[in-house]
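Below are two complexes that have chain A in common, paired first with chain B and then with chain C.
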Partner chain A sequence: MNKELLRYIGMRFLQFLLVIVIAVSINFLVPRLLPGDPIESLIARLQTSGGSQEMDVQAVTDAFRAKYGLDQPLINQYFNYWRDLFRFDLGVSLSSYPQSVSQMILRALPWSVGLLATATLIAFAVGSVLGAKLAWPRSSHLIRMFVPALMVLASIPFYLLAMILIYLLAVVWRVFPPAGGASPTLIMRFDMASALDILQHAMLPGLAIILGSVGLWALGMRSQTVSVLGEDYITFAQAKGLSPRRIFYRYGMRNALLPQVTALALSLGHVVSGAVLVEVIFNYPGLGALLYNAVRGQDYFLVQGVVLMLIFTLAVLLFIIDLIYPLLDPRIRR
Partner chain B sequence: MATANASSRSGAATAVLTVEDLSVHYDTHAGPAKAADRVSFALQPGERLGLIGESGSGKTTVAMALMRLLRPPARIAGGKVTLDGRELLSLNEEDLRQARLRDIALVPQGAMSSLNPVMRVGDQIVDAIRAHSRGDNRNDISGRVAELLRSVGLDPAVAQRYPHELSGGMKQRAVMAISTCLAPKVIIADEPTSALDVVVQRQIMQTLGRLQDGLGAAVVLIGHDMGLIAQFSDTIGVMYAGKIVEIGPVRQIIEAPKHPYTRLLIDSIPGIKKKQKLRGIPGLPPRLVNLPECCSFHPRCPYAFGECKTVTPRQQEVAPDQRVACHLYPEHDRLPERPAATEVPA
Partner chain C sequence: MTRIPYLRGTAASIRRNWREGRISPALVWGLAVLALIAVFSIVGPLFVNAENALVGAVIPRQPPSAEYLLGTDAQGRDMLTLLIFATPNTLKMGLLAGFIGVGLGMVLGLLAGNFRGPVDGGIRVVADALMTVPAIAILVVIAGNIEQMTTSVMALVVASLAWMFSTRTIRAQVLTIRERGYIEVAKVNGESSIEILFREIMPNLLPYIIASFVGTVSSAILAVIGLEALGLGAPQEITLGNTIYWSQQSSALLRGMWWWWLPPIIVIALISLGLFLTSIGFDRFANPRLNRQ
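Now for the complex of A and B:
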């Protein structure tokens, strides 16, 4: 039993490493396989687009050349690439030279994770319970009317939903600030005032994410629950004379949630790339906005850094899910 | 008439379970399918009733109606079920919940899939016990679980296992441990052995018999294998197309079946008469929607005559405690020799 478990964990870890190696290698190879000198063409593009007025082009070019040693054999470059990765050295930003990519990512990361992870988890929890209740026989009228409305909400284009929220809650009623991660005047400290200010700013984007996705979670959970309802163990649980509550949570939801967990892991993974749309609309200082600006400014290394970050986090999350899943579903342990 | 008979006939005063004219309809687009049609029987304490019939004849429907576990499109269209003096069909949700397992327990068809895959077997037993009692202390319960598992012939260590780690026979036993954990007065076992191989079937039936003796519970055993049912039961009820067409003491049913369908079922037991060719029953059971006034067995019946096609036969007592719904009676006093000329082609 324990040996089996170790084997299982070992196998999953190898899979995890394999995914990372392949992803990093592709990330390394693709730009180098393209015809021409990637740095040269980047600089050229920057110059023509005029996006880097104050940048000393020659200095940047030299820095990149020295750093990437593009005259060296490919294999050396490859190992250097890995060495840099282990030092979390993702290169230097082109648009915000001389800031390092890792600095920029680290600065944006907490915003995205804080906002998106919280909102995603809330949407998942609420959506799952509502979806399961909706599928359950004799659910209340409130749920029967309310949840389909949420499902409709999920089909509204996100930017529209965001605009409506901003209009209602920031313009008409002025309950929450319309944009930003914190007040510009705020001096960030570990105190109540800072926390409150950040929370207030997170409300609108958070609400938008939750409203936009809770219906989707409910939808998925409803169909899972419907299929669980047809299972013999539900009937037998009723025959045992268990309370409806116990049957719902311990026999119904518990089983219906299993497939949803994988979906949750995947959407949590995207927390790291930031929800581009949310962060751009609400001018939120997270990774999504960073990625958006990086693409617009053709900040090649920044884009690559964020993408690598995303792949890595997804791989880690899937690995964690693989580890947790046998605890949730004993049948997987074999 | 039929209602009054049902209660007086079997001494309803002492019966632990009385079913009178129980009807269950499945509402379909074409109209209601009468999956159980005026089913009546009474069960004395400790009695073993075998309900037999082809697949689709309504056995599970009756079992689920007695547990009140039917779901739409099924609905109880009429009848009265008295369990230990209480009217089962009018119990409220909470009383019903308490009656389940404590008074009337189900060994479900498909016991293989009746255990929650993500819960340990022991926890599923504890769950059942806890639902019907408050403030049991933990040691008491785990001792009780071990005892229950032993009583169905399982190692108490099985409590720590998950369902997928058990064989089919073990799962069936685990389910039986749950169903008997509160010493119910009535156990309904719906084809408890149909998914198992013959050797395991036998063992399971022995275990069920032993449990039932120990508890003094009455059992309704549902099945389609006449041999198996006859070995186990005191009384046999034969179902066809939602109706009980014959019911009576097992000896009388086997030795002197009155209904042509019962005869065919008995003839289909392999090995009772030597070197007999395995015989099926030709034809198919009828659809249950919009059945016209007739005996629903008449298209397959070798004895069928004019009246069978136009009049639904009522149950009548043809021998002590033996009732049959067939137009051959009361003209005949026993089932005539099989008329060769009218035999239905296979």
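Now for the complex of A and C:
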């Protein structure tokens, strides 16, 4: 029994390592296969910003290549890449030059995680309870009126909801600020004023994400609950004379939640990439906006860093799900 | 022979399906919304002057009026005309990406389900891995690196991450269909494996292929619009996503020009709602057991 569990964990860990190695290799190779040369575009940018100064382009290009190690054979570059990763050295940003990529990622991370993790958890909790209630034959008819509204919400992507919210709550009625992560004049401290300011700025993007995803959670939970309620053990519980409340929470909802938890873990992984569009529309200083700006500014090292961060977080989350799942559902241990 | 009843496509079979409750209200509503969109983009061009969609054709920044039903944007384009020409362009990209995505998914799903073994393992690992990665982050990286963006390239980019879902659905279906009794009968009758694939398995896959096509088109359209709203689309084309991008660039939100961004959002929401309802309705159609509730 114990040996079996250990083998299960060992196998999953090996899979996890394999995913990481493949992801890092792809992340290393793809930018080098794509057309476009980061150094040439950097030089071009320097030339335009530096006016018409004469410079020996070839010499400068070669110097940069040597500096970033791009003049070495591919296999050496690959091993250097791994060596740097273990030092958490993701290179230096090209677009905002002296800053290191890891610095920029660390600065953007709390914004994305704070906003998206909170919004995702709220949407998950509200949506799951609502979805389960929708499937329960004893719920009132009033709650069933939600279904069409939820379908409409689920089909509008949340960046479009975000635009409607900005217009209503920041332009017509000026309740919340339309953009940014905090007031530009705010001096960040650990006090109420800073917290309130940040919360106020997070309200609109948070609301957009919650409204946009609550319908999906509710509809998913609804169909899960419907299929669980058709199981024999529900009939058996009813025959035993258990109270409907107990059947609903302990037998129905609990079993229907299992697949939802997997989906939750996956969407928490997406938190790291940030909701790119929402962050761009709200000019929110998170990872999604960072990735977008890096792509637009052809900042290869920054793009690589953000994508790597994303894959790593997802792999860790999937590994954790695999570890938790046997606890939730003993059948999986086999 | 495994001809499924509703393939005969006659009025009688539709009537019978209706009576048996296989055609759900969701399917009717979904198809009705989609038909509305189709009429809008096919008949619409007959009523408007195409030149009004060009920059500077009309007085800029006009709110909706009798002359300009949906107003005009800051570049002097009539919004209604713009919308009428943008909708089919966006639909075209979604349909193209859907065809490529589902075509790829069908081939890979059939390969994986039919041959099992290492082919199956490889396809499954890649599909599962790609499904967990947030598509928009990867698409932003790909689209940002393409220099000459056109609508067809856009469809290709989006299709590159749109095949996993149909691959998985079709693989799973092939696995269950292979175990059915009539496949055994066909084998005993001496049908070759190619014949079995095309004459026994394929017709039974059709409902699932159509269902995943609807789903893929829907997510492809949303991905296309998302990329365009970020300014990563084909800049010279008139599409719904580009209209959103232009309105963002001219801060139409803060200037209160709601007639610039709200109509495209409503059209997008209708397209996506129509496809969503159709896919739910089609699920019921393909698996009547779902109706038990």
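Here is the rule we go by: the second predicted complex is superposed on the first by the 288 of 334 C-alpha atoms of A that agree within 3 Å, B and C clash if a C-alpha of one lies under 4 Å from a C-alpha of the other, contacts with A are read in each partner's own complex, and residues count from 1 in each chain.
Just so we're on the same page, a contact is a pair of C-beta atoms (placed from the backbone, for glycine too) under 8 Å apart; a residue touches a chain by one contact, two chains touch by 3 or more.
A quick note: this is a predicted structure, and the numbers were derived from the prediction, not measured.
*Asks:* Overlaying the two complexes on chain A, which is it for chain B and chain C: clash or fit?
*Replies:* Superposition result for chain B and chain C: fit.
*Asks:* Would you check which partner chain A:P73 touches, where first means chain B only, second means chain C only, and both and neither mean what they say?
*Replies:* A:P73 sits against neither chain B nor chain C.
*Asks:* Examine A:P184 and indicate which partner it touches, taking first as chain B and second as chain C; both and neither are also allowed.
*Replies:* A:P184 contacts neither chain B nor chain C.
*Asks:* Answer with first, second, both or neither: which of chain B and chain C does A:S243 touch in the superposed model?
*Replies:* first
*Asks:* Should A:L277 be classified as contacting the first partner (chain B), the second (chain C), both, or neither?
*Replies:* second
*Asks:* Which holds for A:L328: it touches chain B only (first), chain C only (second), both, or neither?
*Replies:* A:L328: touches chain B, not chain C.
*Asks:* Looking at chain A, which partner touches more of its residues: chain C or chain B?
*Replies:* The partner with more contacted residues on chain A is C.
*Asks:* Would you check which partner chain A:P157 touches, where first means chain B only, second means chain C only, and both and neither mean what they say?
*Replies:* After superposing on A, A:P157 lies in contact with chain C but is clear of chain B.
*Asks:* Take the Cα centre of chain A as the vertex and report the angle out to the centres of chain B and chain C, nearest 10 degrees.
*Replies:* Computed angle, apex chain A: 70 degrees.
*Asks:* Closest pair of CA atoms, one in chain B and one in chain C, after superposing: how far apart in Å?
*Replies:* Scanning every C-alpha pair, the shortest chain B to chain C distance is 8 Å.
*Asks:* Chain A residues touched by both chain B and chain C?
*Replies:* The overlap between the chain B and chain C interfaces on chain A is empty, containing no residue.
*Asks:* Of all residues in chain A, which touch chain B in the complex?
*Replies:* 137, 231-233, 235-243, 246, 250-251, 254-255, 258, 328-331, 334
*Asks:* Name, in rising order, each residue of chain B that touches chain A in their complex.
*Replies:* 67, 69, 71, 97-102, 105-106, 108, 110-111, 113-119, 127-128, 131-132, 162, 164, 175, 178-179
*Asks:* Tell me, which parts of chain A touch chain C in their complex?
*Replies:* Those in contact with chain C are residues 19, 22, 34-36, 135, 151-152, 154-157, 159-160, 163-164, 166-167, 171-172, 178, 226, 230, 266, 269-270, 273, 276-277, 280-281, 288, 291-292, 295-296, 298, 303, 306-307, 310-311, 314, 318.
*Asks:* If we count contacts the way the header does, which residues on chain C are in touch with chain A in the complex?
*Replies:* Contact set of chain C toward chain A: 129, 132-134, 136-138, 140-141, 144-145, 147, 222, 225-226, 229-232, 244, 248, 253-254, 256, 258, 261-262, 265, 268-269, 272-273, 275-277, 292-293.
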